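In structure tokens below, several structures.
Each of the two complexes below includes chain A, the first together with chain B, the second together with chain C.
After this line comes the complex of A and B, so read on.
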């Protein structure tokens, strides 16, 4: 045992060293960038800098883009950035729900929560080191392959880039104190200190992400610069650009959903590898919690997506149409398919989980109805606006417009469908949560009736908003109608959850809940959720970035490299898919490493006896 | 009565849904369901049906029982051999039917709304399409009588120039429409002009087929370059008419 502890100590020292090296790597590269952005150091031909410290974009030719080792610059940066983003999303998300679970543990004084929160953060520690390595690699790739662009951006964002580098140290320090101090900072005030460090860790993490978001959204919707891209000197204006907050909101929610799904995949991996019933029970509970977190964030995610897309459209008609009506429209169909996969897989996991208790059998008969609505809503959700028609079909229809399926291709139908999918997923969660319970309070029937009335009225309201306001009024109302639809859904979920809390307060268990009694196929559903999320992020990340088309910074700094064209959809999807495979391979490596670190080989006759 | 095995129940439900789509769309509604869409629909319907049939252990075992019986029971050797012979042949035949080259032209992914440029040069002037508004739209509130007159003028322009392809009911069913592929836009469809800002229509009408961007080439629109034949004001008038006649409102960000 002692040697195991020593081995663990060694591993931790190794972690520290890795972290230090990674931090220095990232910090060093950002310092180099910041220095290069200084007018004193900047070569004149890179960025036009005048005596009055004006920063403007240069007009480049293909020869201005360095070629290194025959690399395709765009694909290199694309893959490295995407891998960095996947890992960054994961390591930023995990502390958010670890903090919440730790707080729940403190509130309920249930040790189980604390142990699980610790295990969650443990998984993210190895990922943290990889995130830093990929961050350093990305910085170097950008600096070496796109020096002029980076010169321009770091000239505008020099302060925030420097703060970013410093914050990375703060993130590392708080994360490591949070993780390594977990068992030390237990009980009484110490536990409060630990929770506060968790809060600090999340605040630093969020600030890091918001700063990086400012740079990328500036490239989409530049602010603080004139029509020629000349920087006014107002850094805050450049940061607080048109798309900054929509991206901040969307990424925060998506990160939580993504982080939950990755932890769910980890739990599934451990469940399938478990050799004892006790281990199975533990990882089953972990998988359930992770899936619950992923679903909780998945429910509001489409709304954040609408907000972002509406803002993109409001910022630029061209960008809006390019994304959902133009060249990227088919990627949105793939997106719709993947979101549907997420909903079906997450629901399937919940339904399989009802087998943990005999008490849940009485609700099994309702599952088929939930499935019918979710699948039907899903079919509407991914019906494309532009149908792929064979010539025979085109002839039979008399044109490319389908009288009945055509109206399903536009947003009002999709808004209605997604709200229904969310509501029925919420019903799945409600059924799961009440499956093993018998209420003991009076007036249960009234509570149930109120819930049924709430869902019925809400669904009618969503239909009216989706059909009347969606098809028979002008576009202002069409867009605006999605807001009361969303509010309806959120209100129903919120109130019915509250009613459930009241009805099932002090409820009796029907039968013992057997954690670990869940089929293996449910674990594969968890893997599916993680893969679908990863792929989704990659594809939609490409769309977001590709909206700039041949611009480094939209309308002000032209990309004149040989790769300044929009690749075919198949090519883009292939690059993203390769990225997904690499990410999954790295993730499996992390899962495997977590297994290895707990294994010990006892050798005889190898070491000298002293 | 003997209960139908779960496996056959599942297959029966899937087939029933499949043929229901065909009967509903192709025969009852007289609007064929595109085969590409039906394939996508069926993929997820099968996923949903399988999910319902397998979420409990009992149901899964019952579902797989005939398969296990066929694979493991020595007495079922003949059936097993027959199934293991026929199944690959059926799958192979399906794949062959999908892959075999035909004389039919390949289908094209075509976007109905290509993205407009941020600015465009028309009538010798440069217009910023992000900020461009219909200069005649203001009369709708300020001077309704004049607005009606402009709409009438737009109707004249439409009938003289556009209806031969786009139809006298603006439904894309003009006299020439049957010979065009893609067929002219149906303005009454909720997915066309109701989704767009007026500046978009101004750009598309003015530049026609040749003015389409490269983003999703090849473009095969036969729309003429109307800035060569109409005045700027006539194009704005015809846009007023398109919205007025169809009852749609142009896409705007405020009322």
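After this line comes the complex of A and C, so read on.
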């Protein structure tokens, strides 16, 4: 036992060293960047700087882009950036729900929550070191392969980049105090201090992400510069550019869903590897909670996506049409497949999980109807508006649009489908919650009837908004109708959840839940959620970046490298897949390490006896 | 260990499915390459050429058809904009200063909010603000000369006489190729460099989008991979210049009849020669 503790101490000591090295690596690289952005320190003037220290983008030629070791610069930066983003999303998301779970544990005084929160944060610690290493690598790749662009950007954002580097120290320190102080800061005021550190950790993490988001959204919707890209000196204007807040919101929600899915995969991995029923029960509960977190964040995510897209249209109609009606239009069909997979897998996991309860048989009969609606909604979302057809097919079809399926290809049908998919997923969650409960309050029937009426009225409203306003008015109203559809969905979910809380207040359990009583295939559903989410993030990263087309910074700083072309979807999918395979390999390594670190080998005759 | 292998295989299969779907379930549209700047020599240009050039900018660099089309309903159709101009200028919502159709059309390109057709304004602005940007800015960045040729095209489109006069000695810049939002590209100006080979013509005119020819695999038009074996050079020349005069059985008249205007005579012959060798 003592040797185990020493082993743990050694591991922690190594972690500290990793932290220090990683922080110095990232800090150092950012300092180099910041210094080089200053014309005084720049050995060569890469960006045009006038006498009044005004920064403007240079007009580059293909020869201005360094070639190193025969690397394809774009693919190198693409892969490293994407890997960094996956890990960063994970390590930023986990502390958010760890903080919430810890707070629930404090509120309920249920130790189980505290233990689970600790296990969640433990998984993210190794990932944190890898995030920092990849961040350093990305910085060097960008600087070495795109020096002119980086000097232009770091000239504009030098203050925020320096603050970012400092905040990274703050993030590291708060994370390690939060993690290593977990068992020390227990009980009474100490627990409050610990929770406050968690809040601080999340605040620093969010600020870090928002700063990095400012740089990338500036490249999409530059602000604080004139039509020629000349920087006015107003850094805040450049940070607070048009797409900054929509991306901040979208990424925050997506990170939580992604983090939940990765923790879910970890729990599934541990569940499948578990040798005792007790372990299975523990990791089943962990997987359920992680999946619950992922679904909870997944539900509002499409709305954040719509907000982001609407803002892209508002910023530049041309950019908006390029995304949804141009070369990227087909990408959203792939996105529909992925989101459909996510919803179906997450629901399937919930339905399998109902086997934990003795009372679930009461609701099993409804599952098939929910499944039919979700699959039908998925198929509508999946239906393309137009297809590239052969002449024979065109003639057979009588035009580019199918008589019946064509109308399902446009956004009103898809908005209706996604709202229904979300609503029926919410019904799955409600049924799961009820499966093991027997209400004890009076007027349960009234509550149920109100819920049924609410869902029915809401679904009718969503249909009317989707059909009347979607097909019988012009485009402006088609888009406008999506907002009341979203509000309808959110109101139904919110009110029915409240009603559920009231009518199941003080409810009795049918029987204790049988944690661990879930088939292995359900764990594969958790893996499917994690893989699909990772791949989806990679794909959406491609389209977000690809929207700039042949511009480093939209309309003001042109990309004249040989890789300035927009790749085909197949090409992009291949790069994303390679990234996902590397990410998954690293993740499995992390899971394996976390397993190895808890194993002990007892050797005989190796050590001298003293 | 077996569980780990199962998980790895399952994950790889899932990733493989997504990749395969993206390759084989989705058409592989090849976006147009980034546009390149070309010098346009407008000196001595005829009115007819002015209109052709205006149409090309309207459908190409100007990206006008992204919104002004009869599919999306994002912006009004402009077929009769010249006829409606007077009516719009007399409307109480008109905020511009134009006094003629030509001025109105020019104004609508550089200050689109001067008059917004009902139902096409930005949301929440009661049609007081247009979602369209000044086409002299952003990625479109039309030059003064390009603006004038677009106005000429719009006048002609509406059936009006072209009143636009290009200043003597004008040159402008045009970026060839359409923005990547669309999938084909229109190239050729009276001043561009000649294509070096038939393969370059196939690539620049995007023949492979519709035809199986060379290494292209388009499926909309007839297969040309052995066309030289069954058709004469005269037929091939006519099929390029007037593609809809004689249609291959089973195919609809979809090929644009404008390639004759886009190719130099020597290029046309080079292409005919190339196709005749496809036995």
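Here is the rule we go by: the second predicted complex is superposed on the first by the 602 of 610 C-alpha atoms of A that agree within 3 Å, B and C clash if a C-alpha of one lies under 4 Å from a C-alpha of the other, contacts with A are read in each partner's own complex, and residues count from 1 in each chain.
FYI, a contact is a pair of C-beta atoms (placed from the backbone, for glycine too) under 8 Å apart; a residue touches a chain by one contact, two chains touch by 3 or more.
Given the structure is predicted, the values throughout are model-derived calculations rather than measurements.
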Let's test your reading of the overlay: on chain A, do chain B and chain C clash or fit side by side? clash
What is the contact status of A:82 with respect to chain B (first) and chain C (second): first, second, both, or neither? neither
Per the contact definition in the header, classify A:255: touching chain B only (first), chain C only (second), both, or neither. neither
Check the residue A:519 against both partner chains and state whether it touches chain B (first), chain C (second), both, or neither. first
Partner chain in contact with A:415 - chain B first, chain C second, else both or neither: neither
Which partner does A:375 reach: the first (chain B), the second (chain C), both, or neither? first
Give one of first, second, both or neither to describe whether A:56 is in contact with chain B, with chain C, with both, or with none. neither
Once the shared chain is lined up, is A:172 touching chain B (first), chain C (second), both, or neither of them? neither
Touching partner for A:348 - first (chain B), second (chain C), both, neither: first
Quick one: classify A:364 as touching chain B (first), chain C (second), both or neither. first
On chain A, positions contacted by chain B and by chain C: 314, 316-318, 321-322, 325-327, 330, 337, 387-392, 394, 474-476, 555, 566, 569
Chain C residues within the chain A interface of the complex: 3-4, 6-8, 10-12, 14-16, 18-19, 21-23, 26-31, 33-35, 63, 66-67, 72-74, 119-123, 131-133, 137-141, 179-183, 219-221, 250-252, 254
Can you check the complex and tell me which residues of chain A touch chain B? 314, 316-319, 321-322, 325-327, 329-330, 337, 340, 344, 347-348, 351-352, 354-355, 364, 367-368, 371-372, 374-375, 378-379, 382-394, 396-407, 409-410, 471, 473-476, 519, 521, 555, 566, 569
So in the complex, the part of chain A that touches chain C is made up of which residues? 227, 269, 272-273, 313-314, 316-318, 321-322, 325-327, 330, 333-334, 337-338, 387-392, 394-395, 474-476, 479-480, 524, 527-528, 531-532, 535, 549-551, 554-555, 559, 564-570, 572-574, 577, 580-581, 584, 588, 592
Chain B contacts chain A in the complex at 25, 29, 31-37, 40-41, 44-45, 47-49, 51-52, 54-57, 60, 104-105, 107, 109-118, 129-130, 172-173, 177-178, 181-183, 186, 189-191, 194-195, 197, 199-200, 215-216, 248-255
